[in-house]
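Letters A, B and C name the chains as they come in the text, with residue numbers starting at 1 for each one.
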Amino acid sequence: MIEITNVSYSYSNISALNNISLSISKGESVTLMGPNGSGKSTLLKLINGIITPDSGSYRFDGEEITKKKLRDSKFSKLFHQKIGFVFQNSQTQLFCPEVYDEIAFGPRQMGVSESEIDKRVNDCLDLLNIQALKYRQPYHLSEGEKRKVAIACVLSLNPEVLVLDEPLNGLDPRTQRWLVEFLINFNKGGKTLVTSTHNLEFLQEISNRAVLFDENHHIAADMEMNRILEDIDLLKKVNLIDEYYHKHVGSKHKHFHMHNY
Amino acid sequence: MTEKDIPQWLLENENYIPKSDKDTFINKSILSLLSLLSHIQRQSRHKTDLFGINAAFSVIFTILFIILLSVSRSMVFVITANIYLLLVLCLLKAEDIITILKTSFGVAVFTFIILLPTALYGNFYSITMITPKVFASVTAVNILSRSTRWNSITGALKTFFIPDIFILVLDITIMYITMLGEFSLNMLYALKLRSVGRNKNKRNSLSGIAGTMFIKSKEMAEETYAAMECRGFTGDYRIYRKFKFSFADAIYIIVNAVIIFCFIYFGGYLRK
Amino acid sequence: MHIPDNYLSPSTCAVMGAAMIPVWVMAVKKVKENVPKERIPLLGVGAAFSFLLMMFNVPIPGGTTAHAVGAALLAILLGPWPACISVTIALLIQALLFGDGGILAFGANCFNMAFVAPFVGYFIYKFIKERVKSGKGEYIGIIAGSYIGINMAALCAAIEFGIQPLLFKNAAGLPLYSPYPLSVSVPAMMVSHLAIAGVVEVIFTVAIYAFIKRVSPGMIYEGAKQKIKPIYAAIVALIILSPLGLLAAGTAWGEWGADEIKNVISGGKSLGFIPEGMKNGFNFNALFPDYAIKGVPDIVGYILSALAGAAILIIIFKIVSALKKGKPAKIQA
């Protein structure tokens, strides 16, 4: 579904992506890992068509994505319907006067009928449990609420791929847990999931494949999540963990909850 | 790192006695920003428009009302208009009444003072006609703005054939005013906290704040645009506003018809 | 400089509004053509900026306030047409959301602050920048552009105010709208804007521009090179200088003695109303002219008073109970 081949990109002479190749199939859940500034966000922007590569190619669903193609309204709309992007900064994503409008914005641009939009918006509000926020101004919501609204307004497009940039940042524990469960269920429903993070806590639950970036904007590793998390030397080398990191191996611990998936 | 790495002065107490400094400008700016932000926030709490009247009607009739007031040469009409507004005010919540009246009285008193010189010269017409007209116009607009969701007002503008791009920028602007307002508020607080002594460079700091604001918002604007594109925006801003004619609309139209009649009647236009 | 309602006659407002419509149409067209889609949210930023700048104002005699607008700054940063739209929107929000007034006068206010200020500011900036080839040329252009821009706008506002008593009088010869003639409005507006608001505008414009240039120069608008022929410069100079002539005429009017005023009445000049009022003295008719009370039946008066009384009582009751609710909380705290 997503084919990235030998892609390089730089922001006014500062390299952000260095000969990156990556392939993601439908239904997978992949996490991009790496320290800040390693290129994760840039790659996510590329996947969403916000930037196009300086060299190399990006194919989505078999079609090559280029600036020229994206200038065509129809192509652009279709492409953006299939792949939804939740930005790192929830605030910049929310620009409508009310939450209702925010969630309705995507389908409205798509030309969906207003009655269908009403249904979708209410379904999204229910799914994310934010019915109470329906008429609020997005700017005044808490970080967690904003994140939920941002996710809702991407979901209402019914995309096949969901891309999230550092989704767990700045959320309180309960909301983090809620989001992790949501992403797991979303992926189980057959949708493709691409996330990025530098936080090692929840990775194993969300996805089973990790792509590790290093500080030189290369891909250092691309393998099963478990294997990467065990390779402590590698994690240290790319500056994801410090010299004091360790896992408590062998100690007994209890689960205080049941996984209901 | 050990305690030895931390410089000595950080480990001791500071014995600082501040001199007084004029930072009333900062305080004033902080206050006006705070009231601006709370105004916008209050606006967003409405769930429905006042009495369920369609915003398109309330906008059109408020403008019509102000036009009639402005044209009218009949004191009786001006008085009637004010009484009508008082009746409408009765129906609002106390806190809204207080804020609306504060603005209207403020502006009316200001107008009265401005016109005083002409009265002293023997022209009483201006001061007795314009002051109540101003009071009524300001009250009418404030009732509109405090009882209607901003959303609905901009939607009503669309019925006036205002191009989509204006409405788009309008919606974005409100958000930016809030955002920039809060951002500059925070910076003013920071400036105030850092103004530990006499600060002759306040003006520079203020323009630094303003400049930072502008750049930051430019970056945000780019991200906002990217976000819009990712949700399918390709240049046409499609907005949809519900238009349902209700009983409240009918009553509102009738009331306004009566007002128009009063205008004609008191203005003497019916008499030959 | 923000003109409130009821100071300009509806016909003046209509004329100014009509004058703005082609400007807006052109602005929308130009923005759609020339501004890349990614920069459209910047118009909102500009509007928010201008709005916040206009919040800080100082009252001046004549019925309005003096404040910086940021129009020239926006024109220099974004281009004149986008600046026009941004300031228009800032004014629209002020009028509708904050209800200070300026709904009918919207057209006039936009003409002054969203058209005259940014365009004059921009073209002066460009003109000087292209002729003075040094780093300083740019800054001289900014200073001159922003200062002259805002003052031209203030002058237009002053003229709009000042011609009201000339053109719109009632049967008794009293002005229906703003009663202050050009001889009052022009000096009042110009002195406060030349001395205070203009200076503030320049300082802010220069400082903010310098900051942005240093930190993020890429965002500044690069307009096409304007080939401005010298004759246009002469015309512009004339337009700028002519108000000085008006000012001089204004002061000349102020110097007329009482005898000369009588001769002025028949010409229908602006000073005509003063003697009328003085002639009639404190007559009830002069005090409350044109009430058209004669034709209105008494019962109407009774009904109106009853309604007014009831409304006022309800309002007072509501306010008092709201304030009372607030009090116990205060005592506890």
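Criterion: a residue touches a chain if its C-beta (ideal position, glycine included) is under 8 Å from a C-beta of that chain, and two chains touch if they have at least 3 such contacts.
This structure is a prediction, so every number in the text was calculated from the model and none was measured.
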Overall pattern in which the protein chains touch one another (line/ring/star/complete/other): line
Central chain (distance from its CA mean to the mean of all protein CA atoms): B
Rounded Å distance between subunit A and subunit B, as computed from the means of their C-alpha atoms: 38
Centroid spacing, where centroids are CA-atom means, of subunit B and subunit C in whole angstrom: 17
Whole-Å gap between the CA centroids of subunit A and subunit C: 49
Where subunit A touches two or more other chains at once, by residue number: 95
Residues of subunit C engaged with two or more neighbouring chains: 41
Multi-partner residues of subunit B (at least 2 other chains): 40, 150, 171-172, 174-175, 179, 220, 224, 226, 228-229, 235
List of subunit B residues in touch with subunit C within their complex: 29, 32-33, 36, 39-40, 43, 62-63, 66-67, 69-71, 73-76, 79-80, 82-83, 86-87, 89-90, 93-95, 97-98, 101, 103, 107, 110-111, 114-115, 118, 121-126, 128-130, 133-134, 137-138, 141-142, 144-145, 150, 153, 163, 165-166, 168-177, 179-181, 184, 203-204, 207-208, 210-215, 217-218, 220-222, 224-226, 228-229, 235, 265-268, 271
Sites on subunit A touched by subunit B in the complex: 45, 48-50, 73, 76-77, 80-81, 84-85, 87, 89, 91-98, 101, 104-106, 108-111, 114, 117, 135-140, 153-154, 157
Subunit B-touching residues of subunit C, taken from the complex the two chains share: 4-7, 9-10, 13, 28, 31-32, 37-45, 47-49, 51-52, 55-56, 59, 61-63, 77, 85-86, 88-90, 92-93, 95-101, 103-104, 170, 172, 174-177, 179-180, 203-204, 207-208, 210-212, 215-216, 219, 273-274, 276-278, 286-293, 295-296, 300, 304, 307-308, 310-312, 314-315, 318-319, 321-322
Touching residues (chain side subunit B, partner subunit A) in the complex: 40-41, 44, 46-47, 149-151, 154, 171-172, 174-175, 178-179, 220, 223-224, 226-235, 238-240
